[in-house]
Amino acid sequence: MSRLIEIALGIVTGIGGFLEAGSLATAAQAGAGFRFELIWAVILGATCLAFLVEMCGRLSAISKHTVPDALRERFGFRFFMVPLVVMQLVMLMVLATELGGVALALQMISGVSYRWWSVPVGLLSWALLWKGTFGLIEKGVSVLGLVTLAFVVGALHLHPPFGEVARGALPRLPAHDGAQYWFLAVSILGASISPYLFFFYSAGAVEDRWDVSHLAINRITAGAGMGFGGIVAVGALVLAGMVFHPAGIKVDSYQQLPLLLTSALGHWGFVLFVASLGIACFGAAQEIAVTSAYLMAQGFGWRWSENLPPAEDARFSLSYTAMTAVACLPVLAGVDVLKLTNISMVVSAASLPVVVLPLLVIMNDRRYLRDYCNGWVANTAVTAIVLLAGVLAVVSFPLLIAGGG
Amino acid sequence: MRSRLLPAPLTGATLLIGLASCGRPTPRKAADARDRAASTAASAVMVAAAWDSGAAPGIYASHATGEMSASLWKADSAPVWSALPDSTAAAIHASLRVLGTRAAKLDSAIDQEDRPGATRLRTSLEQRGRELSAIPIDTTP
Amino acid sequence: MTPHEVHLELLLGRKVHDVEGRAVGRLEDVAVERVDLACEVLEFHVGPHALLERLSLRAVRLFRGRSHGVRRIPWDRLDLSDPRRPRLTCRIEDLPEHPA
Amino acid sequence: MRDMLLVRDVLDKQLVDRRGERAGKVDGVVLIFSPDGPPRVGYLEVGAVTLARRLGRRLGSWASRLAHRWGGAHTESYRIPWNLVRAITLEVSVDVDVEETRINVIEDWLRVHVVEHLPGGRE
C-alpha cells in the first residue's frame, strides 16, 4: 500500500515538476513559430530525461552514493572542477530565470514590476528551504505543480487536429527559417533534459534512503513521471500552435503567454496560467537552489541533508542561501527574463555532455552498480542524444546572435 | 583525469563573442524586425480582446499593452532599418510610430475602463499591424 | 636517501622518463598492499591503460586479455626524489613485463 | 589484498568517521619514502589547502598563505595516520571522531558566525 502511494507521489512529482520557465517558454515559442512541427523535440527530450533520471535513481539506490559523489570519486578532484563550475554557472542562470518567472506571475496579478518581486520571492524560497524538509520541497511543491495540467486541458478544449499533432511527433526538416527551427529544437532539449534534475533526483534517492527494493518504483516514476510531464509541455506547444501561430504572433515576452490559456479557458485560463507559472517556477527555483548546495556538499564530502536544521550542515545551507541571493540580482536589475531563459536553455544543452558522459562511465562501473550496470541500449541512446544536443547547442550560439533570440 | 578539451560552453562563449562583433543590419534582419513588430501589435490586440471579454484583468492588460507600446517605440529607433531603401524605411517608421501611439492609448483606455475606446483602438491597431507586415522588403542580396 | 614525503595527488599525471630520458607514460595509479596496520607500495601504474584501469572502464578488458597494457613499475625502479620529474632507475626495456 | 590501487580506491573517496558522519573526501594521500624498504602510505589529508594545491602550485601557495593569515595552524589540512583506516569500500572509514578533529573548522566557524545569526538558524 505504502509502495503504491510512493509510486503515485513519484509520478505526481514528475508531472508537477516537469514544467518550469524554460520548458514553458520554449514550447510556446516553438508552437508560435512552427505550429506542431517541433513536438518531436519535446518527446525526445522527455524520453532522454526519463532514461537519465532512472539511471541517477538506480545509482543512488544501489551504491548509496549520489552523482556528484561518484563524479568526484571516480574522476578525481581536478576533473570534478569542470562539471562543478559549469553546472553552478548554468544553475545560477536557470535559477534566475525561475525566480524571474515567479516574479512575472506576481506582476501579472499585482501590476507591480517583476523587478521588485525578485527579493520577496527569493526570500520566501530561501525561508522554505531553511525551515522545510526534502519531502516538503519535492512532494509539496510538485503536488501543487499539478495545476500545470491546465495546459493539457486548455489544448484539448481547443480541439486540435490530432492527425497534425501526431505528425509533429516525427522529426522532419523545417520548411522555413531553418536557423530558428534548430535553435528552438536545442532550447527545448536543453529545457527538458535539465542537468540539475539528475543531481536533485539522485540526492533525493539518498535522502529517502532508497535501496535495491526501490528499483521498480524508480523505473516507474522516471518513465511515467517524465512521460506525463512531457505531455504538459506538449500541451503548451499545441496551445501556442493554435492561438499564436495563425495570428502571426511570435513569442518575445512572457506577457504574451497568459493568452495561451485565456483563449481556451477564459477568466479561469488567466488564473490557471498565473498559478502554473508561479508555482512551477517556484518549485523549480527551490529544486535548483538546493541542488546547487548538494553539488557542493557531495563534491567536497561535507555533511548534507535538506532534512537537517541549518545549524547542523552550515556549509550546505549557506550554499543555497548564497545561490538564491546571487540569482535575485539579475532579476532585480531588470534583465529581460525571456532572453535570459533562451540563453540559459542553450547553455544548459551545451553543458549536457560535461555531466552526462562521465555519468555514463559511472553507470557501467560495477564497483558502484554491482549487477545493475547499464545495458548497451541505454548507453548508446543516451550518448547519441546528448552528443546531438551538445553539438546543436554549440552550433546554435551563432544562431542566437543571428536570429536575435 | 586531465581534461585539456575546452568544455563545450567555453567554446560556445568564444563563438558568441566572435559573432557578436559582426551583427550589421541587413534586409533579412529588417524583415525579421518588421515581423516582430507586427507580432507585438497583434499581441496587444489579443490582450485587449481578452480584457474586453473579461478573461484577463485590467491590471495585467494595461501593463502588457504598455510594455508592448514601449517595445514598438523601441523598434522605431532600432538601427536595423538603415539597411532598407529610404522610402521603405520611412514607411516603416511612420507605421511603427502610429502603432506605438495607438498601443499607448490602448493602455490608458484599459486603465480608464473605456471599453468603446479600447475596441476602436484595437480595430485600428489590428489594421495598422496588417499594413506594417504588408510593407514589402526585398531580402534577395 | 633520507625519509621524505611525497604527495600522491601531486604525482598524478606526471610524465615518467627512463634513465635515457625517453618518455614512459603518465603516472596514473599506485598499487599497494596492506600489511597489518601499514600499507606498502608495490608498483606504480603508468600509461593510458592505467588511466582506464583507474576509471574502471570495462573496455580495457574487452580490448586486451586479462593482463592488459598497463605498464607497471616496481617501487624500487622509480626515483621520486624530485616528485615533479619521476625517473626510472633503469631503461624501459629493463622493466619486467609481468611483475610477480 | 593485492588489487588495491590508491587512486582508484582511496584518493577522493568519501571519508566516514567512527560514528558514521561524513568527514570530507580524501583530498590527498601522503607517501613516506625511507632508505630501507618500500615506500609506505603515511597519511590521508583533508583540507582546502591540499585541494588548492592540486589545481596548481601558485593557487596552492596562495591558499596556504591565506589560510595562515586567517586561522593559523587551525586551517592547515588535517592528517589522518594510515593506521586509523578501518575499512575501504566505496568509502574510507577511519577510527577518528570528526568532532575531535579540525576537519570541520570552516563548518563550525560558519555555524557560529553566520547561521546562528540568521532567523531560525539556532536550533
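In this document, chain identifiers A, B, C and D correspond to the written order of the chains, with residue numbering beginning at 1 in each.
Note that a residue touches a chain if its C-beta (ideal position, glycine included) is under 8 Å from a C-beta of that chain, and two chains touch if they have at least 3 such contacts.
Nothing here was measured: the structure is a model prediction, and the numbers come from that model.
Engineer: Grab the C-alpha centre of each chain and report whichever is closest to the global C-alpha centre.
Structural biologist: Smallest centre-to-centre distance to the global C-alpha mean: chain A.
Engineer: Identify the chain pair with more contacting C-beta pairs: C-D or A-D.
Structural biologist: C-D
Engineer: Distance-wise, how many Å sit between the C-alpha centres of chain C and chain D, to the nearest whole number?
Structural biologist: 25
Engineer: Would you kindly tell me how far, in whole Å, the mean C-alpha position of chain D lies from that of chain A?
Structural biologist: 35
Engineer: Rounded to the nearest whole Å, what is the centre-to-centre distance of chain A and chain B, using the mean of the C-alpha atoms as each centre?
Structural biologist: 29
Engineer: Based only on mean CA positions, could you tell me how far chain B sits from chain D in angstrom?
Structural biologist: Distance between chain centres: 57 Å.
Engineer: At which residue positions does chain D touch at least two other chains?
Structural biologist: As it turns out, chain D has residues touching two or more other chains at 7, 11, 27, 54.
Engineer: Where in chain B do residues touch two or more of the other chains?
Structural biologist: Where chain B meets two or more other chains at a single residue, that happens at 1-2.
Engineer: In chain C, which residues are in touch with two or more of the other chains?
Structural biologist: 9, 12, 55-56
Engineer: Over in the complex, which chain B residues touch chain A? Could you list them?
Structural biologist: The touching residues are 1-3, 7-9, 11-13, 15-16, 19-20, 23, 29, 32, 35-36, 38-40, 42-43, 46-47, 50, 53-57, 59-60, 62-64, 67-68, 71, 133.
Engineer: Hey, which residues of chain D end up touching chain C in the complex?
Structural biologist: By the definition above, chain D touches chain C via 1-8, 11, 27-35, 37-42, 45, 50, 53-54, 82-83, 85.
Engineer: Which stretch or stretches of chain A touch chain C in the complex?
Structural biologist: Going by the criterion above, the answer is residues 74-77, 361, 364-367.
Engineer: Where on chain D is chain A touching in the complex?
Structural biologist: Touching chain A from chain D are residues 7, 11-15, 21-25, 27, 46, 51, 54-55, 90, 106-108, 110-111, 114-116, 118, 120-123.
Engineer: Looking at the complex, which residues from chain C come into contact with chain A?
Structural biologist: Interface residues on the chain C side: 9, 12, 55-58.
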